[in-house]
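Each of the next two complexes has chain A plus one more chain, namely chain B in the first and chain C in the second.
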Partner chain A sequence: MRSRRLMKVLRAAFLLCALLAAAAQADDRTEIHMFRYAGTNDQPAMGAFLDFRDIISQKLLLLAREVTEFDTATNRLRITQVRDQAGDWTAFSADLSMLEGYWRDHGPLGVLLGRIRQRSDGFAVRSSMYLGPLQGDLPQAFVDIDLPIADEQFDTTRDSHSVVTLYALAIETLRDPASAGIDCRRRDVGTHLLNEAFMRAQDVTRDLPNLGFVQDAIAKTLERVRQAC
Partner chain B sequence: MTEAGRCRVCAKPMPQGASKCTVCGEYQHWSRRLLAGINLGALVALVPIVTLAYAFLADRLGHHGSDLRATVLECGQDRIRLFATNQGDRAAVMRGANYRISTDAAAQARPLAFGIGDDDRLFEGGANRAVVLQPPARDGIAQPLVPFDLTGAGCEIVIEIDTVAFDHSATPLEAACPCAAGA
Partner chain C sequence: MLRLRKAACACGLALTLAAGLAPWRAAAVVNPDKITVYAPAFAGPDALGRNVATILQLQLWQSFRRMPWPDNPEDHDFGPGLIVWDASPLPELDHAEAEAAARRIDVLAQMVIWGRAYAYGGGVAVQANITLPAYQDFREANLETWRVELAGETFEVDVPRRRFEVSSMVLDAGIVEKYSLPTALEIHSARRGGEVLGSVGSQMRATQFEPDLAYVRSGGVEGGVRLPELSRQRSELVEVAAGIVRVYRGDFEGAVASFTRVLDNPNTRTPLRIDALLYRGMAKERLGRSGREDFLQAYALSPFAQTTVRYLITSDLAALARGDLSAGGAAEVRDRLRSTIEREGYLFAPDDPWLKRVEGIL
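Up next is the complex of A and B:
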């Protein structure tokens, strides 16, 4: 009777170890998954949205070049379009709770959904970036961020999308999946990424003061890392 | 040629060295006698009968069945492409499919949906075609073959296709491939 119980415990321990080992083997999250935005039904809006996708792709390339010396995983930063089974770029049509499962199974760093709108000076996007457990010290797993679709956006990473991406990357680096706490073995890389995010957040907040909460979250995480490690 | 100058068939005297008897008309050499006795017309008439008999016997006594085989062409992030061939001479159908992931400690069988029409799941004898298998979509979104936490080194996908032969016997078909890079 006792040996049978012991066998059960050992089997459970083995399963747990195997699961943890599998989790530890999983690749880094380096992709931003993008749903087709709302408001892209007519040709000009769709054209602007494709420009937005190219801007984000370019920003991720730039970001990778700027921070790759700290974290080689950033070399794999890229945009992936969310597709249906026919392979078409799909819009987000489910409820928000579905995003939790999506984030877990598909392995993105963040999920972008939002809408495109026309302003007097051209098109702009309002994105909701879902970070799931990578929200860190942000008040919500969703961050609402704006971006004008303009040529100058191609050449800079001093914008809200880049800041939030960098913050998610830092949290992914520091995250200990087993304890949900901070993994101090990667403290140096994580701190570098947080510092890079903080510098960019300062620039962004100067123009967009409503994004001060992102800067606050970065500062808070930096402080937590300092205390924990 | 006879020694005594007599016919080998009717034993009547005949000229020395003659190849054919002058009395009964039979050839003296056995092989020529045999050939002369064959009715060519009857032989020709026998050909279709023998052919039909052979076809009938071959059909009754020969082995028949379906022999469905599959080769994995590609294991992508959200779909598997196979090339399937029925090497038998009877039809077979792919009824369903599922897969397991080597890094899944629970070895859970996960369903696969066919990305081809129902008619294309039937393979006549000798037929071959490409087959697409996908995890069922959720909320209109294609799902990854391997959930993110199961990705990594050593990850392999084992596909099991449930096939039904012409005689309605179920035959499992198995194929494997490494998980897609970055899957």
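Up next is the complex of A and C:
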């Protein structure tokens, strides 16, 4: 009799844990939604854009595996292409002020928009990552990254997108929805992600000095964690 | 699967890495374990990924040494080293896949080097990754773990990271053109000029090496494979891998030399620079010297990392254990430890057991 009651309690507890885990998974923002960049209407520009997409998509998948010792949610970090009803990869055509609504309704970690430009020596990309309320200590919700699509820029291209992604992941990990402050219970995970971002940001700032504000924001957030926790 | 075995005597040929000039004498290191590197071909267009990986693995193999040379007054024996080379890339390019491959009973590797050649921006960039799997690999010594005994407690620090990438290598156009051919790795009868005896096939055994040349047997012929510079900028891949293998083998002097070259390379990116400082400092500590200067440099680059703080703390614990103390003595080191924990404790989980044990002995 007692053991049957114990089994019931255990089953109920198991069910509750499973529901909580599912809810936690549903809440995790681990996808970067990527719209088709402008300027990709001809074949060479589209080819350059697809090469660019491939290297940052592969990098974010690997990045997830590099930092997952601490957090299994980041295992699902990936770039997904935003498609229209016909299944075609779509460009973002609405007013940029609509992005916050998109971010809230569709649950991405960040949104990637941008433009490919032809230059005399090849193609260049302007990539804008929108983080919405995960901007943390960044001065604005958009981070613009300007780079030539060139083999010498391989590391900088991947690292710059990794830094912004890691920062958004850290803010997502640390934010306490109840108080709008910092959730100190996850400080070890959050500071780990921030440090991973900070290490890479030093190289990115050296190569792209105009992104120095990202490194400053990371340091500012870490200081806030130190003070709060 | 190909196997490169390095005979201990081959170390003597041209290795210039012996750095045994320090004035102190360390205790003999006797490593009972074989350290294995699993090296699948890199993914990439045509034969390029496979050939690039082969050149890199032969360059790594050149760094293996079983004992210091030409003199070995301490009688060190770093144990056998082996590179298990695979002509196919990993089925999926992923750290978890690399760990699974390492755990196979016919491999049992401590390091996996894998990667991919990407066509990008009109050129080819090669991205290499290193995975250091943690699993029951039947070794006895686990020399990569830094252990400090103090006040009846044992404090352990693991390697800085187990999954990471190194800077990409942008290949010269000539290298891409030449090494995209399956027969590009020619076996020559002489170091310069001479006859082309054949090319490296699906099976190969490496026998000896000289700078920029590896002697191999493959496809029934034996001769030298020339090892070119692959990229416009020097990659730190081979030196990083060599340094880590040396730590695993207990060749700490060799590790200091390898990581110094990693740190001297202006192309080394910051995360790997931090790792190199931590490894080099740890290797110095294992040789009975202080590695604190290296740990402080790592801390300057990465002041928010739990790993860096662990190394700094362990350095102080080691100083207490060695009795190698500054003018202020043990009290000063203990004060510094308390201050580090107070300042950096927020980087740890509130109930971190390692940190609690350190606090317990202060």
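The rule we apply is simple: the second predicted complex is superposed on the first by the 189 of 229 C-alpha atoms of A that agree within 3 Å, B and C clash if a C-alpha of one lies under 4 Å from a C-alpha of the other, contacts with A are read in each partner's own complex, and residues count from 1 in each chain.
The definition used in the following text is that contacts are C-beta pairs under 8 Å (C-beta built on N, C-alpha and C of every residue); 3 or more make two chains touch, one makes a residue touch a chain.
Predicted, not measured: the structure shown is a model, and the values here were computed from it.
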Chain B versus chain C as contact partner of A:Asn195, first or second or both or neither: second
Touched partner set for A:Val82, first chain B, second chain C, both or neither: first
Which of chain B and chain C A:Asp54 touches, first, second, both or neither: second
Partner touching more residues of chain A, whether chain B or chain C: C
Chain B versus chain C as contact partner of A:Lys220, first or second or both or neither: neither
Chain B residues within the chain A interface of the complex: 78, 103-106, 113, 115, 134, 137-144, 147-155, 182
Contact set on chain A toward chain B in their complex: 15, 18-19, 22-23, 25-27, 29, 76, 82-85, 87, 90, 93-94, 98, 101-102, 104-107
Residues of chain A that touch chain C when the two form their complex: 48, 51, 54-55, 58, 61-62, 65-66, 69, 122-123, 148-155, 159, 184-185, 187-188, 191-192, 194-196, 198-200, 202-203, 222, 225-226, 229
In the complex, chain C residues that touch chain A: 93-96, 116, 118-125, 127, 129, 161-165, 167-168, 170, 269-271, 274, 301-302, 304-306, 346-350, 352
